[in-house]
Amino acid sequence: MRIPPKYTQALAVTVLGAATVFTVVVLVFIIVFVLSKGLPGINGEFLFSAPKDMGRAGGIFPTLVGTVLLPLMAIAIALPLGVGTAVYLTEYTRETRLTQVLRFGTDCLAGIPSILFGLFGFIFFVVMLKMGWCLLSGGLTLAIMVLPTIIRTSEEAIRAVPNSYREVSFSLGATRWETVLKVVLPNALPGIVTGVMLGIGRSIGETAAVIFTAGSALRMPASAFDSVRTMSVHFYILAREGISNEKAYATAAVLIISVLLVNLAAYSMMHRFIARRSR
Amino acid sequence: MSTDPVISVSALDLYYGEFHALKQVPMEVKGRHITALIGPSGCGKSTLLRTLNRMNDLITGVRVSGSILLEGRDIYAPGTDVCLLRKRVGMVFQRPNPFPLSIYDNVAFGLRVAGLRDGHAVEEIVERSLKAAWLWDQLKDKLNQSALELPLDQQQRLCVARLLAVEPEVILMDEPCSALDPIATARIEELMLDLKAKYTIVIVTHNMQQAARISDYSGYMLLGEMIEFGATAGIFTSPKDKRTQDYVSGRYG
Amino acid sequence: MNAEWAIKIAAHDFRVFHGQEESLRGITLNIPANRILGVIGPSGSGKTTFLRALNRLNDLAPATHIDGQVLLDGQDIYHPSFNVVTLRKRVGMLFALPVALPMSIFENVVYGPRLSGVRNRKRLEEIVETSLKAAFLWDEVKDRLTMSGLRLSGGQQQRLCLARVLAMEELEVILLDEPCSGLDPISTAKIEEALTILKAKYTIILVTNNTKQAARVADETAFFLMGDMVEHGPTEKIFTVPDDQRTNDYVTGRFG
Amino acid sequence: MERHFDENLQALKYHLMKMSAMAEVMIADAIKAVVERNEAVIPGVYQREEQVNHMQVEIDETCLKLIALHQPAAGDLRFILGAAKANAELERLADESINIVQRAQSLLKEPPLKPFEIIPEMAMIARGMVRDSLHAFVNRNVDLAREVLLRDDRLDDLKEDIAQELTEYMTRDSASVARALNLLLVSRYLERIGDHATNISEVTIFVVEGRDVRHHADQKSEFRI
């Protein structure tokens, strides 16, 4: 017996709609849950004062600073390296066995659990290079961790730039570098920004690799060689050691809101950039 | 019989939001003839073509008024089965668009959608359709090869075969040769002339010469209006409207 | 017949290989200055390969190598000492699909001049105006030069591309690769009209699938087939009494 | 691949052949009226003339349509232009038969002037030229076309002969002047039929070889019609 197309169509709409509703509900539930638990604990004092008594009381200002500085440092290191590599791989080399191996390698790297990066960072930067637990060790480790993502997304974004744009540029007498600068990168920017956002997201949320390399000191860092604690590490410690559930939720809420803000800022910047170019 | 209009369009208005894309357009499509729509870009010829199987429904903000009768029945009447309509009025697109499946599965696609399970019957129809599209001899030994590996004109003829398999009455073609070279174009044109013995064909083309070569009736459109519609030989040797005259003789703007 | 026209480009037994495959099999052809040369032939005939060899865009394709010579004003463009970037500024190209770069109309046109180091705003504005006028686009876009080029219609985009080529001050030769294949007859007519005026200043080579287009605008026509040049001569001869049967079959649509 | 356009060209050839066959019969009948003094064939000639006129219009329309709709080039273009020219020549040579018939009608009112020798021969040659020139045209046979050109010289010679002979009659006997003049005109019409056939042959050479052989034009131009 064959079900008439009319009914299969109706059934499909129902099932697909249900899947969408379920996903949205779960997402909203998590956000509402965390925010409802955490928002009451957030106020100016919580945000801008130092923690007291291991975080049982007081604010989270140093961890806020750590959360801004560490991913920033990671991206500052990973972005030029990653985009540079992506440009080199796509624009300056031909597809060979070597580039394939390289791509396979970066893909594998992207899938490695972060704890391994943490261990590597700990052994290499903290111990071998005697840098100790500090912002720089953490930044370098996170940079290595997000590098594959940035390379891969940038590469895809660069590859997605129509070849016809390059041809036009070459045919107007541009060198390869001029073409990359004026045509390829501007058009790949949305994709690259997506990669960077993923990278920032991953490093903001990272705990394992951070504890091993940046430490968990609850002080304001004075230099790149000071240990810092990020919000996620702070949240992890508060929750795991049962220090203060209330403060843990408040921290989580701030974390979610800041991730949201970072994303919004990045996308609005990008849209303004695109709009300016295509008036 | 065959001279009765299969499709009869009258006073057709179409709006894209605020934009008035078709203005009181009339058209009579005769059965088993080729009707060509010509005119500059943006004149509404593709839009008109797409109203004939309600492909415009897929675009939001489109409003249609006037009537389009397919064998006497209004295809925009409420309760019309749009899927059935599109089976009766098939379409070939500008760029060949075979599915990334084998040649065989491409042709059998519509049959399977229609629920035909009998393998033998499917095989028969695939063979018949490929023959009608002049592909059988070249492709009969590689039916399992991917359709995407075929040269463009064979891909386009495969799209025609895929259409023929579901036995449409009318075939709409939206610039079917614009992606093809002259040799491939000639093959598609010959195929169309062959197909008109059994099917009614409406073609939109940028290429005036193509309309001249193959069509029996032509309509010249400009800014959403049907300026002139009539026998092709008349349109190209002694058009009645000055604007048609200018267009077919290459004096524009 | 070339005697009265100076030779701008000369190909001598020119061959292009893509990997093992020989895409051009020894083309010898003199292209006169200030004329339009139409190049016709079925797909795979090598006409586009030939065109792209003239500004060395073929270099970009992997595993391509060449044999023989292409002389531009007597100089071998494939000689190691010949600067490719300069070559491409002298030999501009218009592609089959209009490719407006995703930037404003103004920036599209000055893309080439900026690369050549033109910075003076007034000078750039002049270039934009003259180039857009020469491409028959000025009247349609003069009030919205800051609008993105991508928002123009296909026919306008192709004329924008033509203006962008014309903006290059070093330009001597214009290569066109089926420039009207996606355009309606009106846009096509505008491009053709522009070409017949531009030939006074430039050497034009037009690859086209549309034999009628070659018949309409080209002064000379060359017929390519499977990597060979079958016949080359005045356009009216190719379209009325070609020497080669294959040429006759092609221009009468009897091929294949 | 059998092209639709080629079918149209075939049809065009067929119609030209039909028209030339018709013209040939007209010439034969017209000469019959003169030589055999057969009045009965005359209405048929007039009838065919109308048919030929009709066919001429049709063939012209076909040529116009093929040019407008298919924009032919090279060989096809030359063929269609050639067909239009051959069409005009055929119509004119059919008209010559009418002229002959008109002379026959006035000749029939008087007794014969002399036994016919040269005029039947001329008619034979002219008919052959018409048939062969058309055959050469539709079959692209340049050798046959060239051979037709040569036959025209024989026709011209015969016309000179008969002119001389008839002049003698006229100087000798003034009563014969009217009849002799009529016969002279008949020979002139036959000679013109030959000229039309010659033109068709020249068109054939142009269509096939792309060279214009009229007025020794081949020295000046390679591809002008």
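So that you can tell them apart, the chains are marked A, B, C and D in the order they are listed, and the count of residues begins at 1 in each.
Quick note on the criterion: contacts are C-beta pairs under 8 Å (C-beta built on N, C-alpha and C of every residue); 3 or more make two chains touch, one makes a residue touch a chain.
Since the model is a prediction, treat every value here as computed from it, not as a measurement.
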For the chain pairs A-C and C-D, which is connected through the larger number of C-beta pairs in contact? A-C
Chain centres computed over CA atoms; the one at greatest distance from chain A is chain D
Separation of the C-alpha centres, chain B versus chain D, in whole Å, is 49
Roughly how far is chain C from chain D, going centre to centre by Cα mean, in whole Å? 51
Would you give the residues of chain D that are in contact with at least 2 other chains, written as numbers and ranges? 1, 3, 5, 71
At least two other chains touched by the same residue of chain B: list those residues. 186-187, 209
Could you please specify the touching residues of chain C with respect to chain A in the complex? 55, 57, 60, 62, 85-86, 88-89, 92-93, 95, 97, 99, 101-104, 111-112, 115-116, 146-148, 150-151, 161, 164-165, 168, 170
Show me the residue ranges of chain D that touch chain B in the complex, using the header's touch definition. 1, 3-5, 64-65, 68-71
Please name which positions on chain B make contact with chain C in the complex. 40-42, 178, 181-184, 186-187, 206, 208-209, 247, 250, 252-253
Spell out the part of chain B that touches chain D in their complex, as residue ranges. 186-187, 189-190, 193, 209, 212-214, 232-233, 236-237
Which residues of chain C touch chain D in their complex? 211-212, 215, 236-242, 247-248, 251-254, 256
